[in-house]
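Going by the order they are written in, the chains are A, B, C and D; count residues from 1 in each one.
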Amino acid sequence: MPANLRRIGVLTGGGDCPGLNAVIRAVTKTAILRHQLDVFGIEDGFQGLIQNRIRPLLSDDVSNILTQGGTILGTNNKCDPRRYAVPDAAGKPVFLDVTDRCMEHFRLHQLDALIVIGGDGTMAVASHFVRQGINCIGVPKTIDNDLEGTDVTFGFATAVQVAAEALDRVHTTAASHHRAMIVEVMGRNAGWIALHAGVASGADVILIPEIPYSMDAVCRKVVDRSRHGKRFTILCVSEGAKPAGGRQVVRKVDPTSPDPIRLGGVGQVIADQIEQQTGIETRCTVLGHVQRGGTPVPDDRVLATQFGHAAFQALMSGKQNRLVVMKGRTVTDVDLLSIEGKQRLVPLEHPLVVSAKDVGTCFGE
Amino acid sequence: MPANLRRIGVLTGGGDCPGLNAVIRAVTKTAILRHQLDVFGIEDGFQGLIQNRIRPLLSDDVSNILTQGGTILGTNNKCDPRRYAVPDAAGKPVFLDVTDRCMEHFRLHQLDALIVIGGDGTMAVASHFVRQGINCIGVPKTIDNDLEGTDVTFGFATAVQVAAEALDRVHTTAASHHRAMIVEVMGRNAGWIALHAGVASGADVILIPEIPYSMDAVCRKVVDRSRHGKRFTILCVSEGAKPAGGRQVVRKVDPTSPDPIRLGGVGQVIADQIEQQTGIETRCTVLGHVQRGGTPVPDDRVLATQFGHAAFQALMSGKQNRLVVMKGRTVTDVDLLSIEGKQRLVPLEHPLVVSAKDVGTCFGE
Amino acid sequence: MPANLRRIGVLTGGGDCPGLNAVIRAVTKTAILRHQLDVFGIEDGFQGLIQNRIRPLLSDDVSNILTQGGTILGTNNKCDPRRYAVPDAAGKPVFLDVTDRCMEHFRLHQLDALIVIGGDGTMAVASHFVRQGINCIGVPKTIDNDLEGTDVTFGFATAVQVAAEALDRVHTTAASHHRAMIVEVMGRNAGWIALHAGVASGADVILIPEIPYSMDAVCRKVVDRSRHGKRFTILCVSEGAKPAGGRQVVRKVDPTSPDPIRLGGVGQVIADQIEQQTGIETRCTVLGHVQRGGTPVPDDRVLATQFGHAAFQALMSGKQNRLVVMKGRTVTDVDLLSIEGKQRLVPLEHPLVVSAKDVGTCFGE
Amino acid sequence: MPANLRRIGVLTGGGDCPGLNAVIRAVTKTAILRHQLDVFGIEDGFQGLIQNRIRPLLSDDVSNILTQGGTILGTNNKCDPRRYAVPDAAGKPVFLDVTDRCMEHFRLHQLDALIVIGGDGTMAVASHFVRQGINCIGVPKTIDNDLEGTDVTFGFATAVQVAAEALDRVHTTAASHHRAMIVEVMGRNAGWIALHAGVASGADVILIPEIPYSMDAVCRKVVDRSRHGKRFTILCVSEGAKPAGGRQVVRKVDPTSPDPIRLGGVGQVIADQIEQQTGIETRCTVLGHVQRGGTPVPDDRVLATQFGHAAFQALMSGKQNRLVVMKGRTVTDVDLLSIEGKQRLVPLEHPLVVSAKDVGTCFGE
């Protein structure tokens, strides 16, 4: 144990993700029960560091939180101390660098290291503090499972389960009504959730951002199934799926309209196009935030506990500026600065894509 | 047992609903095992009667379907034999009355009675056949729980469970992010799903069609909670909720747009308005079809079994043109023609509304 | 509102039951938010009254407990102030009447009324305090659903769901292995859980305490199914099921054995007998405590909220010594003293029993 | 593709396991849709090979089975063609080697290879047929996750989820009653289920076969928690857990008793001992068969699909006598004969054991 390691800060940044509390619990319990160190919770991500909202975490604070979704520390997916919005005299936001204020609060609480739980945005800020000389250990967090450097992230298994349950549910409706049914799931750049949930539920069509789709191929699949007597087609579509040669459909508000007008997401766009091209009734459900909230599935609780424990152990063994990761079935760590700006996408020839194709799934090619 | 009762037809009409198969199973098993009568399944609602798609149902056909969502007979929520769309020479739809064709197929299979499982649209068609002299026993079906004459319908408990689970999930995200979160649930005219799921999940705001809402009242609740240190507000909103004095927000496509443009549903509209009026970040999830598909919860399987059994028993005791209903905790029946066009709405002073208000829920008044 | 109603005590007694926290929350929120009264939580049932462990309940104490299983107040299923075990000098228990001590603590905290949430044992103690002049409003609680005076109790729907899920799971194993599978569920005197879960899961055999079973009838059913090509038989058995003419099988420890020896429960006994008489492999699972713990299903949360609210409203309207109950679909109340010692059993000709028989379920007769 | 590969047999052996149907579906769909080969299903494991119950599997046969538990082929966990029980003239079983009969049926259906899905017992029989010259590709199956050669097996994640949900449920009862609660889970020789479910649910004590327990250590933990104001202790115990220096507790029937007498399983034995040594009320639930039945969780469906696909691909690339396995996150294969009789146990210093200890879990040492 490093001699100068006595007080450790922990914060959660970015979007909600099932398993955050399991990480906080593992860090805190290991520190207190096993090594008699003190842990301090920083509230609402880096905002708590800026605003000096930092409080001790005791063993009782982390009792009974393992199965809870969300984060007892709060989070924030916009705050960057290098560009912190402060209202000027006229109330308009001015963007300031408040790194110094953070450093001051860090010293005020005599923190010796920081455990930062978050996605790529949060890690980019952590990297900034590493460059200021603060020892940061990162714990990767994203339900999208698209963080470079680790084979899997916690929260992903829960998101897949929620998405697969929704696919299972619409399955019966599709079959009863002779319909195509679309479930649009999360994944702006990476299609991992759609791929896993789609394979798990036997979706007939899976559209992911990494494989641009052709509407003709999609409609051909729908019509083929209908011709072969199948009463339904199930489509699992990433929110970031995009047509070949085309641009991605995005949600936007039409500011000139008297009523709030919205462009449908990609799922709804595809539903409309299927109906037009095939005449087969098609419905779309956008799962949205239910994918990132609520109690984590057991696998995510186990993984998050391992990551929290490993982050603390990295500190104890004197490591600096590492990101805890899972490689194969082994928890290890990589240089925190090495992953910046990199995203792990679904490779076109990923074995799961290949097996899905071989059992008859269409990827819209 | 009526002497002339030997062959019974059964069909499912209207939208998908968890428990349909449980009704079909109960009818078929009671008829075959207990009374040695024959049962015939009519496919895809009244469309099967028009197109003569009618097949015997044996005991094995209904094995292992009790827990399955959907309907093994298929359904159809548009077909009305009094106004049946047939393409003319130019391919344009002409609407014909094909009642005679139905009667012919009915006689062809020597059916002595019809068990019709469906909502108000389906019952309206059944009433038409009653007037043609066919003995129809109706089984009420709607996830919305808004059918006049019965205190409860199967499918409703499942829809409430799906909605409540979604509310539970977004709860943690709201709390982690200092947000308002809206879950829009089914219920175009009646707010039963929103009321029950909202009370079950402790939603802070419940908006139902029966109680027009004021945006000021809604925003006041959101701000009040924030002021009292609550980090979140959860809103459960019926798709048919409407502002006081205003008209209901509906989804529609803007046909003049190059891209499919859609007006946001009421949930999204309210989300935008909360953000504008309070500055508090607000997100909306529209649950959609996951509420009406998938395996029924145990209560719905029990209720559907009781309804199917009671429908058959009504036939056996010589009853004609009855709708099976639940009054209090007792299964009984009412005149099928008596409920036409009536809808059971949430009364303004319903005990559940009163108790929800007393524990602090805002109904937007 | 009665002039002398300012401070209200609330306690939970008897076994754990999903929905207890929802009742506590509804009582507390209604009292504080709506009527500005004070609520005091008594810990661990009547034991807290004896030991003066009584604390104010604030609105924040009951936030976020609606979906939690168990009771934040703790409970106790053995403590009776009329016969309270105190160790004597030699450490042996002496049983004292500590009613006076309870009355003293009741007066010390200036409680004006007591809301008592529990089953028949708890209500018997409450009746005792009613006779001492304390106004008690009872809220019925039992997962067994066998309390006289009310058509339904909270916790029951959750127990049924857990039992039905278990039955669904063993179903596939039975079918894969050509086996009979038994799930033993709670219900010592009343068979409501077995009846509802069994009907919900399509159990082939349902054995309940109210209908003594014949092993010959049970084995005949198992063999019949096997002969007709069915690969499995599913049995749902109440822990209190008993053979016709025989005595109930009970669990007991053989005190003379070097190792703890136990008589198998009724489920295991029946499994052994089926194997012996039919040669068909049979397995038994005893669900036990998982039926009474964990988050309540939405229906139970709604019902518990209504009951808690109604209990408080009964006090507000000046009522004394009432038990809140559900009659049909209406929450009302009955004389607390009128239900003592009465249990609501499954009537032999209950409609659900009749419909189950008609769809082919064997009740072992 | 090997020239002589046209007709492929598939069978499932050993106990029920969630995901079996997903493997059958992947094999069948890949063979038919992708390579136009014929697939034949052998019923009830090797028994179908002995009794010539072999039928073609078409694409429709494997539609809609992905999410179903169990196996559409049936299984058998006792049948070994090298020692097949046949009744003699007196009705007593005589054990015969019926390998020749199997080979005959294999040739009769002109099968070119066999895909065998099962555990170590099934693979031992497969190895026997490999030695007879039949090309067998094995797919590992065990909910216990203890098969040598692969890092993970399908069915395991589902078993863990069922066990973790039970632990979550009893948690609230334990907390409400000041109790110790034990959940006994599957795992006769390997503690993987107990380890994962216990960590996922934050069990205070986890007892696995690999780490012999001391009752003193267990009771010390229970008492310590009670002293520190914790109202409960949760224990997750493998059925194969055994005391240090002692022999494993096994279930057995006392044949001399008039009633069926059973020795309690290890969970009940430990419950009794905790009550005796500490005076703290303790309850035990034995989960049993619900852990191995029912619909697989999404992860198991994905894994089983990958394994089924890989098994078929191994055949296509001309491989012989391989076992499909997962190494890290990669599906690959190993020599089928190399794993015979080897079991993968939890290493004493497994990272999950270490992290569980560091967050305060007692392993009974």
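Criterion: a residue touches a chain if its C-beta (ideal position, glycine included) is under 8 Å from a C-beta of that chain, and two chains touch if they have at least 3 such contacts.
None of these values were measured; they are calculated from a predicted model.
Using CA-based centroids throughout, the chain positioned farthest away from subunit A is C.
Between the CA-based centres of subunit A and subunit C the separation comes to 41 Å, rounded to the whole angstrom.
The centroid of the Cα atoms in subunit B and the matching centroid in subunit C are 32 Å apart. For the pair subunit A and subunit B, the distance between C-alpha centroids works out to 34 Å.
Those residues of subunit B in touch with two or more other chains are numbered 168.
The touch graph of the protein chains shown is a ring with every node of degree two. Applying the touch definition to all chain combinations yields A-B, A-D, B-C, C-D.
By the touch criterion given at the top, residues 25-26, 29-30, 33-34, 64, 66-67, 151-152, 157, 160-161, 164, 168, 196-197, 199-202, 297-299, 301-302, 305-306, 309-310, 327-331, 351-352, 354-356, 358-360 of subunit D touch subunit A in their complex.
Chain contact summary for the complex, subunit A toward subunit B: residues 12, 15-16, 18, 20, 44, 68-71, 74-77, 162, 165-166, 168-178, 181, 231, 249, 253-254, 259-264, 268-269, 272, 283-290, 292-294.
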